[in-house]
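Okay, so chain A shows up in both of these, paired with chain B first and chain C after.
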Partner chain A sequence: MKRIERGRQSIALLALFAAGLAAPLLLSDYTNELALLWLMILFAVTWDILGGQMGYNSLGNIFFFGAGMYISAIVQIGLFYDVGMYTSGARTTHISFSDLQYFSGLALGMLAAGIGSAILAAAAGWALFGLRGPYFAIGTLGLAIAAAELVASWEWVGAASGISMPVFPGNPELQKLFFYMLFFALGFALLLFLNWLYSTRFRLALNAVRDDEEKAEAMGLHTRRIKRTALIVAAFFLGIAGAIFGNMTGFIEPRDIAFPTTTFNIYMVLMVLLGGKGTFWGPVVGATVFHIIKEATWTYFLGWQYVTLGLLIVIIVVYFQQGIVGWMIESYPHWFAPKPASEESDAYAKASIDLAARPEGSP
Partner chain B sequence: MSEAVIELKGVCKSFGGVTANNDVSLIVPRGSITGLIGPNGSGKSTLFSSIVGYHPIDKGSILFNGREISRLSVPEIARLGLLRTFQTTRIYGKMNGLENMLISETQRQVGVFNMFAHGRKEAIDRAERLISFVGLYPKRFLPAGSLSFGQQKLLEFAMAMMNEPEVLLLDEPTAGINPTLINGLIDRLRSANIDFGITLFIIEHNMRVIMSMASKIYCLAHGELLATGDAESIQRDQRVIDAYLGAH
Partner chain C sequence: MQHIIANISVLLAAPILNVGLLLDGLMIGAIFALAAYGLALVWGVMNVKNLAQGDFIMIGGYLAWCLDQRGLHPMWAVPLAFLLLWVIGWCLYKSVIRNVISRDLFTSLLATFGIAIVIQQGLNLAFGPNTQSAQADLPTWSFAGGLITVTGTRLFGLALALVLSAVVIVFMKSTRMGQAIRATAQDARAARVLGINTERVYAFTFCLNAAICGAVGALVAMVWNIQPFMGTTYSIRLFVIVTAAGFGNLPGVIAAGFGMGVFEQFGGFILGAQFQQALVVLLLLIVLAVRQIQQLSLRQALQ
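And now, the complex of A and B:
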């Protein structure tokens, strides 16, 4: 029965892969929207590692997104020019990147963003995982806000006026497709990676921390190591996502693009709650539904979009806490749960029924 | 009597001005079932918490296999093979019974990459054997939080067994379990001790249970060791009777 479950999961992943490849061809007018959809999926799925599987509600995951964005920018520029000169407002020299410089810089920048964010996560985890519950949430939020303010006053990286990223060498259509493919590849790699990771003991360990961390400690689990690993995984993918997003928009600045604590940062939580936290497909479904709702309201209710968004938050939190996939698991458990083996044929079941049925006082 | 696996020497612990344990010295012999009794608030659970490292002790020393452990953290002590169960049962509520068992495997020789190991066939076999040992096999795919209190207690005991501890500290294992199940539980505790060779150190209010199992019983009152002896002599000890009836 375990094998059937794994088989179904593989088919679903394969279908998603096909859909991801076909989407920009079928809906070529919406390539940018679809790229953002993969970013939303990345946000939701990485948030769920801690918030859903491990029960640690982080409000600072956007920190690793922004950190990756800036690390990538510094690498891409710093490989060929002086960063301080490049970002200087008084700059007069004309700067351009050759094709080779652009693509090699981007590749190295993305790699550095992933690794750099992971290292920052190891350090942040060391400091933050002493906190629990609401203190952890506020501590992580503080990290993101502090990072935004620090970068906003750091002249070398352009301070609050930001950095214009190297320009993509190609026509706009090609550019859209290119960044779509980057997001798609990263998002799908994340799903494949988690599909493997959640099949190991690590998922049980995350769930144990979620259900009762003190018990997990009492049983000798390396809880700190587990928590830090989870944060590092999330940060690695968020860092690369930040690098891609910075290049896709072409311009980065700290408060609204790199560390947007009140938009992307809140969407992460919202999408996971909408889809169903602690489930594999919940965040993916939540991100997709949310992205469609958001784009529709931004298009048809412009001016009222934040009101609609606020209402959506209230409705989810009050009436629909288990989320879409959570609701499905509750309503149709036989689709998801392994079937219990028939009890008569089962030696263990028999033995334990015998034991339980023993009358009082028998030896 | 065989050598001590746990040895406490002059352990003191106070919270603010309240003395919870004062100068407690005791020995848990290897392979024994040792009891710890005392009226409510006499410092039994505090003593257990001190032994497994929940809080630093103020004075004294705690030896486990001759090694000082009073400065180690909870997970470190657990990995040495000294485990406790809780008075208020603690299991992983949203995980099913089998998952609860699998994550309770011993962490003694665990390297970094073991975190990512797949569930081994032997581990699953052992988990299923132990979960049927406590009579919960038919319920192994239910969320552990949906089990009754008594069943959760049994599951917690099975999880402790899964961890292959050398010593198991049980905080009121029969509290809240119906009398029919208590007999089954006593059998299983005995079996854990004899067949699996686990030393048991048990806090218990149910005198019938502790008197029938423990070879040696310590009695605490007001945080101090009041009396020591086998079941017979403890039952006849006037100081123990006074402590339970409220005389000072």
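And now, the complex of A and C:
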């Protein structure tokens, strides 16, 4: 279905792939910033699966990010050393990882982070998806804060003083490029995966849950299973992203790096609202624009950056909620409607275009 | 684990300590109940979930602390904070809240969260991140050989909380504005048809809630301590209380407030003070789970 639109989509994805590959070569001074940009895109796109497509506004997605970060740290260290000894403040012996140990640990850690977060998501989904609307938002926020507080008092993983991650073997330039490539690969894999997933019935089921959950259930959809699957997909990618981010910063800590409920956690929501909820490209556009604005504010309004952030939240939420892509769809609907089929196309394409004439993301 | 068991056995060995903790819990719970009532009021009347509630409390607290620093008695902060927060509440209502009432619930949640961040960071820039408290210099009484202490400030807090809630309840029951607020909560459209200016009712309700929070904050600064980022914990506490009680249920809110105070005192004593925030959040998750199971048996979702 939507053959022509999908052709356009593929071209856009290819262009993004080329841009992602070329960016660190063209802007080699900003490799770290670009890596963070891909992290922001990952945040926004995974949030949009639930918040935009499914209509469940979560304030606790950061839980899976932090969980992945800690799972990968435990795997990477625990494979070769005793974790309690490694994290204890009284440690005197110098610990180093060989190249092989580092990379095998990192690969296994990322895998374990993804799978572990997905398992946690299945459990959390079981507990949380009886909640709707604001209760769901508050419940997920509570989950994230509780995780931060519990990890902060858990001695075995270093409690509030955190864990120093294994050091990357190689020069800093190589390190930056390496982590950029990891984030880029993960982010692009997520976009490709969702590009496929959203072309299946699953997207329609997600939208049905958003539009009217009772009716969706009455039509025979297993709403609980759909909601849990969506959360597991988001958590899998967030967990891996957490593992990469933990290794990139080199030091992890519960309150400000792993489970930052007032920074990354809110950026996710904000980027999606800024870009346009429930559209494929909205979160990507929102993340890019937000990241640029944020870096500029952090540079020019240092000290006032969080006040500016709060004001930005209020302004976006109150006055500009349809987002950039949503606004474009409203103002220039003909850009987004599929072009009329050419004469030689078959009847099936025509019929599917009628079905697809509704602009993306309209309720 | 060891110190938890040790603390429990202390409580079992000296039952009089339980009485002390219970009294403390009730005195603190009265303050929670008052602020939770404000939250329930805004929630019920305008369907706005105010996540900046705890930060309003912190503004009131910092006003009390400032008066204390200038040599004035911090008790003056109670009426002053009431007035100050009334004005702040009015400004916020006119600029932000008015635009989110008719929108979906998540919008109001996120908008008030934004306000909360601005207030937190503003307080942090103005007063620094240290924990502060205002000294009220009231006498302390000891009973049972020093095992139970009742501080004058806590007693004052309890008394003031009781007076304030009595005033609010009488106001809601017997004045014209109180009647209008209750009518709007029941059915805003019908209230408008009958000639009630709901816009004014909304503004008044939000200002009243902010003002109550300010007075509560002044009490908190005297009874406990304040810090710019503590507001979030208070907001979550109040959400726990209102969620547990159901927002239309005033006696329930008051009872849940007392329960919260008692729970925190015992939890803090048994587990240690560093677990306080974790305890509050865990209680939130437990309350949500229990409410969810209750609703599930009615084949409904919590929404």
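Couple of notes before you dig in:
Note that in this section the second predicted complex is superposed on the first by the 336 of 363 C-alpha atoms of A that agree within 3 Å, B and C clash if a C-alpha of one lies under 4 Å from a C-alpha of the other, contacts with A are read in each partner's own complex, and residues count from 1 in each chain.
Throughout what follows, a contact is a pair of C-beta atoms (placed from the backbone, for glycine too) under 8 Å apart; a residue touches a chain by one contact, two chains touch by 3 or more.
The model shown is predicted, which means the values in this text are computed figures rather than measured ones.
Residue contacts after overlaying the shared chain place A:88 against neither chain B nor chain C. When the two structures are aligned on the shared chain, A:306 is found in touch with chain C, with no touch to chain B. After overlaying the two complexes on the shared chain, residue contacts for A:9 are found with neither chain B nor chain C. When the two structures are aligned on the shared chain, A:319 is found in touch with chain C, with no touch to chain B.
In the overlay built on the shared chain, the residue A:225 is in contact with chain B alone; chain C does not reach it. With both structures placed on the common chain, the touch criterion links A:195 to neither chain B nor chain C. Once the two complexes are overlaid on the shared chain, A:210 sits against chain B while remaining clear of chain C. Touch criterion met: A:262 reaches chain C, while chain B stays clear of it. Common to the chain B-facing and chain C-facing surfaces of chain A is no residue whatsoever.
On chain A, the positions that touch chain C within their shared complex are 57, 59, 127, 130-135, 137-139, 142-143, 145-146, 149-150, 153, 213, 262, 266, 269, 273, 303-304, 306-307, 309-314, 317-319, 321. Taken together, the chain B residues at the contact with chain A in this complex read 52, 73-75, 78-79, 83-84, 86, 90-95, 99, 102-104, 106-108, 110, 112, 114-119, 128-129, 131-138, 141, 159, 163, 179-181, 183-184, 187.
Residue ranges on chain C touching chain A, taken from their complex, read 49, 96, 99-100, 103, 105-107, 109-111, 113-122, 125, 232, 236, 239, 243, 274-275, 277-278, 281-282, 284-285, 288-289, 291-292, 295-296, 301-303. Residues 197, 199-202, 204-205, 207-208, 210-212, 214-223, 225-226, 229, 278, 337-338, 340, 343, 346, 348-349, 351-353, 355-356, 358-363 of chain A touch chain B in their complex.
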